[in-house]
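The data blocks that follow each hold one structure.
Presented sequentially are two complexes of chain A, the first with chain B as partner and the second with chain C.
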Partner chain A sequence: MASHEVVQYRSTIRSAINVFTFVFLMVFLIWTVLPFIIMFVSSFKNLLEAFNLPEKGDWASVISVFFDFEPTAIHYRELFTERNFATYFFNSIVSSGGSALISVVLGAMAAYSLSRIDFRGKNHVFFWVISTRMAPVVAVMVPLYTIFRGLDLIGTLPGLILAYTTFNLPFAIWILKGFFDNIPYAIEEAAMVDGHTRLGAFREILPLAAPGIGAFLVLCILFSWNDFLFASIIGSGGAKTLPVATRELVTPTSIQWGKIMAAGVITSVPMTFLGLLIRKYLVTGLTMGAVKE
Partner chain B sequence: MTGTTYSTEIMSSSGKTVRDMSDGGVVINYRPSLVNPPASKRYYFYLMAPALILLALITLYPFFWLIYMSLHKVDLGGSGDTWNDFKNWTRLARDMKFLGGWWLLAKYSFYCMLFEVLLGIMIAVILDNSRFEKVLVTIFLMPMMMAPVIAGLVWYYLYNSTFGWYHWIMQSLGILGDKSILGDVSTAMTAVVLVDVWQWTPLIVLITLAGLKRVPRDQLEANMVDGAGAIRNFFQITLPNTYPFLLIAILLRFMDNFRFIDALMVLTGGGPANSTKILPTYLFDVSFVFFKLGRGAAIALTLLIVTIILGMILVKVFQSPSASTSQGGE
Partner chain C sequence: MASISIKNVWKMYGEIEAVKDLNIEVANGEFLCILGPSGCGKSSTLRMLAGLEHISAGDVYYGDVRVNDLPPKDRKIAMVFENYALYPHKTIYENMANALKIQKMDKSEIDSKVRTAAELLEITPLLDRKPHELSGGQKQRTAIGRAIVREPELFLFDEPIAHLDAKLRAHMRGELKIMQRKLGTTMIYVTHDQLEALSMADRIAVMRDGVLQQLATPSEIYNRPANKWVAGFIGEPAMNFMDCEIIENNGKILLKNDAFESALTKEQSSIIKTNARGNSVTMGIRPDDISFATSAKESMVSGEVLVTELLGGDMLVEAQVSNSRITVKTKPDYSGQMGDTCQLKFDNTRWHVFAGEDGVAYF
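Right after this comes the complex of A and B.
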């Protein structure tokens, strides 16, 4: 790179900057991963060990105190034997998976057709779609709660799936529309020349869009899996998901840190892997398609 | 179908074809195949109908319901909603928690944004010149994948005054007296902001990095020939070129601060002494702790209006030419 070559003659300043950036990056790295490490390690500590701290200012014994424990899997076991975490895990999978599937299937159809035709008021439709996605969750929940109460949907998985669809469907329509825009119309035409019907032509281009559709399906799952507000109000009772169940381990009388950390690990690890799996589409997804890497 | 719809559709579709051909090929004398008659628009409308109808049912209908609720005293017991002469609205003007909630929301968003953007740009610039960019970016992604409520709980643990590691670190550094981090009015806001900074700075880093990759090298070099150093180069070339990306990042984060209160609810729940009771948390209390749904609806509408205005700005930025250069891809 040219910029490096030109500045290189000021080598002392350069090396000072290098040292500074290295330290800065290291601090940021530690700051980023430390909560993960503490969560992970604490989930294997028993009640007393989790409370251990060195004396104030005693930096030398930080490592020895932090790692001074007998690893135990009791928290994980108890979450599943005493706390029904298997059910909550299942609820999380069904509600986030169900909503993601509905959103992506219907969203792909809508996005495809919106990408292929023009009609009056199309921009208004778009703005409506994106604004529903941006709406604050608490604000959406106020009317939704009242309506769902009347329909007996509070505390049920279908209710939660519908609630998640309020933000997943607009996301899928908006982002997949941008995706279909990049697939040339000529491919469908070629398919139709070969004798396919309109629907057949749509099916022809689906393989091209498949990786993107799959990635955005995963993102929809991630958004709803991580949701807490909808699940705590609309899912309360019958459709408890992992984040809500984890939150409930905090009670006024006792806070079971080992269990909370274990539940945190159970909730976060699958999503971290899924997120890294679709790494390529992550930025596009998180910025509503505005930025591509 | 009539001839007019026929030709407009071909025009638009061929227009797309030309735009997407990066090698500069231009379709001249474009003729549609005659094997299949051109689809009527109706076909496309059928395809998009299920999604749009469902979306209308779960967003538009509740929206009108929200307006209705804001004008009534909502009673869930079954005796029916009663009209209450705009009381839900007139009361807001005197509701100090409502007005304070907006102020705190503005403050909270401002601090989150300030730290995240400054830190995000610095990290992105460093990473852009780093050999370890790929590995580090992958690690930095992790906080974003964590459920905000879990992040809140982990940090709640770290901040704890008797066994929290971060509390210990700050005490050992002498920053903090015997204060509890989340229990003290002077530190609680900073503490919740830091959690947001921890979780979402990586998003700013990623977006800025995507922008940095598109800074034209020749401009940088030309500017250096003109005698600019690294710092002048950054402010004269790099920053203006990444500006649309930053704007998008800021707007998105801004709206997310309105959208999500998960972590904050676990950390302080709005306390101590309402010092972190930003508007969405207050709305939550009014609606789902005290179940004053009529008043909650009025508050929710004010929140929605501001979000819609922000959304309009965001869409403008999306569609502006400077941002759309990023849309084209490689």
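Right after this comes the complex of A and C.
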């Protein structure tokens, strides 16, 4: 599990590889980041400026595409005043955050018991849990819709949260079990000898699973935040989320590029910050050296 | 403080019988070592005493309380784990303070206890580190520290100093013994190192393949091993064994084999007379109880020197006597060379005779 510093020996091949790596990474960076920059810049342009593109071959004025315009916040303002984006933003946060929280709490407990306790048919239970993720989303959508309609959950936030949870929970159990498997049981034994109850011992090792739990929380949020299918079918109406609302900016008569770009920014920025925030959680290896071997 | 009774205890892991019908009584304040080779069920026994392992059959009592179904936290024990089991996310200080914190002890009191223990174990400079920044021996000392800061009714130590260097180990043997004496806390100490057991324990329980072989004081274990296996396991260098025959000649009982024929003492004869089961026996004698004969009259057996080994103040001589190899412990001034013939003298008051069929000791 522990990583090592890999020794590198200087040679011409190594330098060539280094140059190649550098070039590749630069291209990759531009390829990845450029669409975001264009989206960001365009969201502050009015319609005229947005389509003010340089002539083919006119490389000199490419720069002006990025800087030569009068920034306007009109798209953002309209999204929030005319288009109710505040509500959709709220819906997105509640549905993704709620389902992630439920999935991780229930998932951690289920994963813990699957990891620690031997019971008859354990492997079957575990396989059943994973197997619920094997069917493609589209395949279960129709039956799910019928069930949810019967329960009056269509178009409600609890319905959307439940729908996301059905998909996040098995995944959570599966991933988190791996994390718990990696934590030696001996640490809990030590905690029990120190005077903890069984539950106290579980809490004592939670910090060790924190990187896994934190990382997985984000994965769950990402899945629901970016989801379109569930949101459009199960959340449609009362529980509209950002992706669905953005889609509605494309109407038969017009495509409102400025607003779409602004909505894109609103949707991506929180996830970008979340990603930066949990980076330190993803640094694992905390159990190193606690137990002999 | 607690006395411990282990009554007819079995431990089964599926089909594997790790501990078989174990019976041990430990007096209050006693220092008991459980000694045996790897895989003989020492840790399983200790873990059952701690409540970490289900007791497959039998009962364990602390005083007169049956504890089979008592969780570890209610047993008032402190344990050193074979694999340390430190909290990886806590500093050494927090590792040692954890149990006291759970007891809601006063902060300053915790601090003084932890620092005293750290001083004793020479880990004071490490208190702010995390376990993964420590060497194996330092982790092991932390694990001991975590146990001794508490005032439990029972200490359970599982090979607590196996990973220290020789000098520190000798030092810790003394410290642990003194600490246990001072506190008067019952101690059950698992080890596979006979030197540890012999030097520290009030009594030793020798185990083999899950079966208790002998439960006695160190000197009794050394001087009166219960069977051939214990005799061979205890003592360094190991006891010499020779297959012999018991014969009677003119009312005298003799031990006979290809290489020698020698009379037993009066006491030994009477034991054999009353208990003997069959004539074939194994004679065992420690290297310390064999010497080189100075005159032909003294000599009991002759052999051929195979190799000599100088160990500081002693010398080990390995000799071929008929079809056995015999180790003799002598002084470094012994001058025999490889291939020389040597005359050996067995101290017949110190030898042991074991029944041929099951290895149980006659004396």
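Of note:
Just so it is clear, the second predicted complex is superposed on the first by the 245 of 293 C-alpha atoms of A that agree within 3 Å, B and C clash if a C-alpha of one lies under 4 Å from a C-alpha of the other, contacts with A are read in each partner's own complex, and residues count from 1 in each chain.
Note that a residue touches a chain if its C-beta (ideal position, glycine included) is under 8 Å from a C-beta of that chain, and two chains touch if they have at least 3 such contacts.
These numbers come from a predicted model, not from an experiment.
Looking at the shared chain after the overlay, A:L208 reaches chain C, while chain B stays out of its contact range. When the two structures are aligned on the shared chain, A:A186 is found in touch with chain B and with chain C. Chain A has more of its residues touched by B than by the other of chain B and chain C. In the superposition on chain A, contact of A:G195 is made with both chain B and chain C. When both complexes are overlaid on chain A, the residue A:V41 reaches neither chain B nor chain C.
Overlap of the chain B and chain C contact sets on chain A: residues 184, 186, 189, 192-193, 195, 197-198, 286-293.
Taken in their complex, chain A has these residues touching chain B: 1-3, 6-7, 21, 24-25, 28-29, 31-36, 38-39, 42, 50-54, 56-59, 66, 102, 106-107, 109-110, 112-114, 116-119, 125-132, 134-147, 149, 162, 165-166, 169-170, 173, 178, 181-182, 184-186, 189, 192-193, 195, 197-198, 202, 222, 225-229, 233, 242-243, 246-247, 250, 257, 260-261, 263-264, 267-268, 271-272, 274-276, 279, 282-283, 286-293. Taken together, the chain A residues at the contact with chain C in this complex read 184, 186-187, 189-198, 200, 204, 207-208, 286-293. Of all residues in chain C, only 50-52, 71-73, 77-79, 81-89, 98-99, 102-103, 130-134, 136, 139, 146, 163 touch chain A in the complex they form.
The touching residues of chain B, when paired with chain A in their complex, are 8-9, 12-14, 16-17, 20-21, 32-33, 35-36, 39, 41, 43-45, 47-48, 50-52, 54-55, 58-63, 65-66, 69, 74, 76, 119, 122-123, 126-127, 129-130, 136, 138-151, 153-158, 162-163, 165, 168, 171-172, 198, 202-203, 206-207, 209-211, 213, 217, 220-221, 224, 229-230, 233, 245, 248-249, 252, 255, 258-262, 265-266, 280, 283-284, 287-288, 293, 296-297, 300-301, 303-304, 307-308, 310-312, 314-315, 317-318, 323, 326-327, 329.
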